[in-house]
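Would you mind keeping the following structure in view while I ask a few things?
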Amino acid sequence: MSLVIFVVFGCVAVGCALAMVFARNPVYGAIALIVCLAALAGEYLLLDAPLLAAFQILVYAGAIMVLYLFVIMLLNVRREEGCRWCTDWRTYLGFVLAGLIGLSFLFKASNVAHPAPPVGFHVYDVTGVAYTMFTDPTLLFIIEALGVLLLMSVVGAIYLGRRFSAEEELLMKHDRPAGSNSTGTAGDAPCGESAP
Amino acid sequence: MIQTMHVLWLSTILFVIGTAGVLIRRNAIVMLMSVELMLNAVNLALIGFARQFRDVTGQVYVIFIMTVAAAEVAIGLALFVAVFRHKRTLDTQKIDLLRW
Amino acid sequence: MALSTLILLPVIAALILGFLPESRKELVRNVALVFALMVFAYSVGMYFQFDPSTPRLQFVENRSWIDAIGARYHLGVDGVSIFLVLLTTLLTPIAILASYAAIGERVRMFNAMLLLLEAGTLGVFLAQDLVLFYVFWEVMLVPMYFIIGIWGNSERLKATFVFVLYTMAGSVLMLVAIVALAIVNAQNVAAALSAPGAYMGYVSFDISSIRTELLTGTQQIWLFAAFFLAFAIKVPLFPLHTWLPLAHTEAPTAGSVILAGVLLKTGGYAIIRFCLGLFPEAAVVYAPYINTLAVVGIVYGALVSLVQEDLKRLVAYSSVSHMGFILLGVFSFTQEGMTGGIVQMVNHGISTGGLFLCVGMLYERSHTRKLEELGGTATAMPLFAGLFLVITLSSAALPGLNGFVGEFLALAGAFSNKATRWFSVVGATGMILAAAYLLWMFQQAMYTTKPGVWVKRTWGDLTVREVLVLLPIVLSAVGIGVYPAPLLKPIAASSQLVLQRMNLRPNGPIHAIPSGVDDLATTSPDLPEASR
Amino acid sequence: MTTAIALIPFWPLLGFLINILFGKRLRSASAYLAIGMLALSFLTSVAVFTRFVGDPASVLVPLFSWMSVGALNVEVNFLVDQLTVVMLLVVTGVGTLIHVYSVGYMHGDERYSRFFAYMNLFAAMMLVLVLADNYVVMFVGWECVGLCSYLLIGFWFERPFGSGTTNDAARKAFIVNRVGDFGFLLGVFLIWTAVGGVSFQQTSSAVESGYVTPGVATIATLLLFIGATGKSAQIPLYVWLPDAMAGPTPVSALIHAATMVTAGVYMVARSHFLFDIAPFSQNVVLWVGALTALFAASMGVQENDIKKILAYSTISQLGYMFMGVGAGAYAAGVFHLMTHAFFKALLFLGAGAVIHALHGEQDITRMGGLRNRMPLVHGTFLIGALALAGFPLTAGFFSKDSVLAGVYAHGDFAVWCIGVLTAGVTAFYTFRLYFLVFSGSSRDEKGRDLHAPASSMTSILLILAILSLVGGYVELPFHILAAFSAFLSPVVGMSSHEGIPELALMTVVFLFVLGGIGVSWAWYGRREQDATALAAEPANPFLRTLRRKWYVDEIYEVLLIRPIRWTSRTVLWRVIDEWIIHGFLVQFCGGYLWKAIGFVVSFSHTGRVGSYAFGIVVGVLVIISLIAR
């Protein structure tokens, strides 16, 4: 029974992931990713991780993806490449490489005998996770480091998002290659190349 | 009964899709979203192993990865906004500020 | 503690200079000079404590430093290095005094750089641990880089670039070799203790813990090559010399003096200490090739000096020629030759340092180094002409002056070894050519510009300061030339020890097997009979 | 006694130090100081000589250990034996006389005290050379006299000389000497490696005990002889001596006639034990000496510079000395060395007086008619010329005869013939010089207003003239008297002249000398000469070749100096150093090539995120393929 649910959620996740990759409009892509992440949250529930399922919904599908959508809309990014199925060599090469990576993963994984997981659910609740997290000194150290990382990312984001001074703008204009200046002047330019 | 191998299959498929997204898409935001997908694929594998070994540490690491992903998204998106402000594009084929 | 004090004193002086006001240039110079003289006095005091009869390391300091990789803070001085230490401490105050007038900008930093350079060079001469040696070796490079790069002449950037590139190319290779040597040695020691797997515990960089006799021939060949390349660049050996003329022409006077007088010697010293001390079999294998290059360098440097138009460039090429004698002497593997090589190092420091000082004094008056624009100086500056002549002749190896002692011993040693006899014969032609180019230089610089045309200069003769700069050089040139015995005795003793160790190749198993790294480190190499 | 011997070179050295440091303040006193110091050495030498009259044993004065490393032990010791004593007396005696002469000659010179300082230094180093008990200390003196020679030739460094300045001549002298020293040094090395020591006593005892093979001895002596050809101006290294005449005349007299140039002869005599077992080397010495004697004499025939004629005669006479020592007649060689010191110093100083009188004129075509106007100089010069020509009953006659007898006794008839021929040529050019300077009438304006020589100068000329006359009566032919060779016999042994037709040989030589003088009189002395005709290039190609000194300088220039300079400048410096090593290997391979590679590789560095992503994935694949076995 659980396997069936697992497969169903898995199909949803894979389908949405494919939709995200192939969507021409980033907004649709972002929405597909939200659904994908939500499906993964379901998988987490099946895999004895209800806390993480909750985090998945709250942090990923909730906070992070909203941030994506917000930025996509802020920048007014609608569509990108001119072709849906680019017959570009780099597309094919990308697929080949990605496939090779997957194959190598599977090859490695199937070489190892995976013992069967214990029967029945063993739910780790908040207490269980938190106990491990805050008692192991190594993990504790990582938490501290992550705190610093988050702080730095906040500072960085604020710094990058601030209004540049006139001098800096001038400097950036100066640095800018001459070619991109002419193409990038249109006020409401789409993200990426305009359609042919 | 869900076997670990099932989880790994799903994880691998998602990872491949994410990798392919990073490689073939030119829109920076979509590339970043593909990276998120890859991270999630890894999370899935970690949870599967945590279940197999009855060790909650795997789940703790998933929390860490989520945190890192959040930080990454914050910085990444801020960078995109900044780049877009003066390049007026997010096409990674057009942005070559890193060159030399 | 004596040696640490010797190294630290210039560093402290450099720090103190940092706290002095830049505007009071005279004060800065005087403080730097006083400290440099203190270091000199200290080293002289050390020399009087030095026991010339023993070839072993003296004033040894051996304490743990970086235990994780087995590097030790191991300092010591023996007959090979004592006079190079003295040379360093002598030339540094001279260089400081010589740049009183020449350096007018960033005086504080300049003097601090000279003092740091002194510290680095002393460290190179004293270090008995490979990592420590490497650290000092690189420390030495940095101040020289700044001295040429900031206070140099018009093409200084190119010169610094070439200088650093050359030196780094060699020293990086040496770093690899140092690590490889430590690991190979640890493996050998572990294997000898029949514990081949756990060799990491035996990794040590202390020279005395390197079991030379356990290194195989192939290991020696490769390690020797890597070490030797770094040192040959510094010496410089013939095809690796082109950085030298460039660096010398662009460096300020004090920089040239230290570069020619001291820095080149680190190469020769390190060849004796490491290449011969650690890889004796490889040294024997390589000796014919090295001797060939040394002799080619002697003749080549002399011939090229013969046609130089730039005074400093001429002296630089003459260094290539003179340094060839050092390698020829050392690689003759005779006690006379090696002693001659080491004495020649000291002598070359004195005479070429003196030549660069003279060139600098001439440059301060004439603002040119072109030989054709110089001349007519001897009547205006008779005192300078006299001192310059003595230094020139000392460089030309006139008997009775210092240059002769070194070259004579080096050539005699090379001649007495049948394998190097012909090298000695060819090398001796360098003495003919040395007379040719040095006298030509002296004539062009001091007498007359064009045949038959007499130009009378109105430059003032040497000031008291300049006399004080040149006097120690001239006095030591005459002193060593007339009575070299105080130098020869410790140097001869130590070079005999080097040669003894080279021949000492027991084939059997190690006898008193030490139980660990620390024991290995304390097993003194100075007691080859006892420990092996 | 030992202290006194040790102080012999010390006194002039002290004089040098005082003069070089405080010479400017001493002013004219510097000359008296220098003379006094050297006179002190002379008196000491005389005292040493008196000791040797009674007691033939040599004296060894140990001073200090100079270089003692391993098997090489060089002691600074002084060895005094009969040979040394002769040299000591010549050096200090003639040296003192020339010092005194210089007071008048150098009067008023800008660097008066410097001159005497250098002269004293020279004397000190020459004394070290002759007193040395080993080859290395001898080499010290050997090179240092070369240095003094360099300093004194270029003493008037601002004066032009030939196509350059006096300094070019000085440099030439030093470098040519260095070429010889190269051989000397290698010879010393070889002796050291063969003997195990460098002292004369060690070497001679090693030779006696058969430790030195004749082959080694031959090579060693040949190498030493290269040094001698440099110092004593023999073929092929004689070229510096004519140019050395750029120096002040007293210098030419002291260094380039009486003392320094004879060092080679002294050295060969000193190393006689080695030469004795190396007959090939002896023959080389003999032949080089003979050829040099004739060759140099031939160049004197057409020379017009008064000092250069004397220089060529010096080279020629040195050739005689080498003939003597090469034939094993060491005593004869040293005997000629001594008499030559007297008469050649006399000739140079006489020439100096002439030059002084004529305000620096050295060209004999512009002289003439000085016989009546400078009678004393004329008389003494004539004595010197007769002695040089080997006219009977002068000092030169006895010594030259002794040398030629030795050569004949050695069995080298061809060499003897060359020697006889040279004697004739010598007589010819010596009297050409004499006639052109003193007979006839003055051919130049300068001759009208003579600068009279100081009495100190003329008195020295007189003393030397007397020495040139009587100096030979210490060794007379026909076994009448052999005091000189007997005195030297403890050192070099006796060479017997038994069974040779001495009278006949002497007569032949005398006839040649007379012939030379006669031809000279017929061509130059009999009638008034025309200055322009004398100075003009001779039409006869042979004479022109002689005038041009056989083009030897030009040949050296074309064959040696120019190729070396060209190779150095163009091949070594420009091509090898700047192009190949620095340009190609360092700048191209080390710099531009890597820059170019970097430039090409940098195109993979597109700056686009996508391509980096590809790179990362490929890298991951590689790593996985390495891990996932």
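Order of writing sets the labels: A, B, C and D. Residues in every chain begin at 1.
We take it that a contact is a pair of C-beta atoms (placed from the backbone, for glycine too) under 8 Å apart; a residue touches a chain by one contact, two chains touch by 3 or more.
A quick note: this is a predicted structure, and the numbers were derived from the prediction, not measured.
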Longest centre-to-centre distance from chain C, chain (CA-based): A
Chain centroid nearest the full-protein CA centroid: C
Chains linked by the largest number of contacting C-beta pairs: A-B
Separation of chain A from chain C, taking each centre as the mean of its C-alpha atoms, in whole Å: 61
Rounded Å distance between chain A and chain B, as computed from the means of their C-alpha atoms: 4
Approximate Å spacing (C-alpha centroids) for the pair chain C, chain D: 38
Computed distance of Cα centres, chain D from chain A, in Å: 96
Residues of chain A whose C-beta touches two or more other chains: 90, 93-94, 97-98, 101, 105
Residues of chain D engaged with two or more neighbouring chains: 610, 614, 617
Touching two or more other chains - residues of chain C: none
Touch relationships between chains, expressed as pairs: A-B, A-D, B-D, C-D
Chain D residues within the chain C interface of the complex: 20, 64-72, 136, 139-140, 142-144, 147, 150, 154, 157-158, 160, 163-165, 167-168, 171, 174-175, 178-179, 181-182, 185-186, 189-190, 192-193, 564-565, 567-569, 572-573, 576-577, 581-582, 585-586, 590-591
Complex contacts: residues of chain A adjacent to chain B: 2-3, 6, 10, 13-14, 17-18, 20-21, 23, 26, 29-30, 33, 36-37, 40, 43-44, 46-49, 51-52, 55-56, 59-60, 63-64, 67-68, 71-72, 74-75, 77, 80-81, 86, 88, 90-91, 93-95, 97-99, 101-102, 105-106, 109-110, 114-119, 122, 124, 128-129, 132-133, 136, 139, 142-143, 146, 149-150, 152-154, 156-158, 160-161, 164, 169, 172-173, 175-177, 180, 183-186, 189, 191-193
Parts of chain B lying in touch with chain A, wherever the complex brings them together: 1-10, 12-27, 29-30, 32-34, 36-37, 40, 43-44, 47-48, 50-52, 54, 56-57, 59-60, 62-64, 66-75, 77-82, 84-91, 94, 96-97
Chain B-facing residues of chain D, complex: 602, 605-610, 613-614, 617
Complex interface listing, chain C residues touching chain D: 162, 165-166, 169, 239, 241-243, 300, 303-304, 306-308, 334-336, 339-340, 378-379, 386, 393, 398-400, 404-405, 408-409, 411-413, 415-416, 424-425, 428-429, 431-432, 435-436, 439-440, 443, 447-448, 451-452, 454, 483-485, 488-489, 492, 496
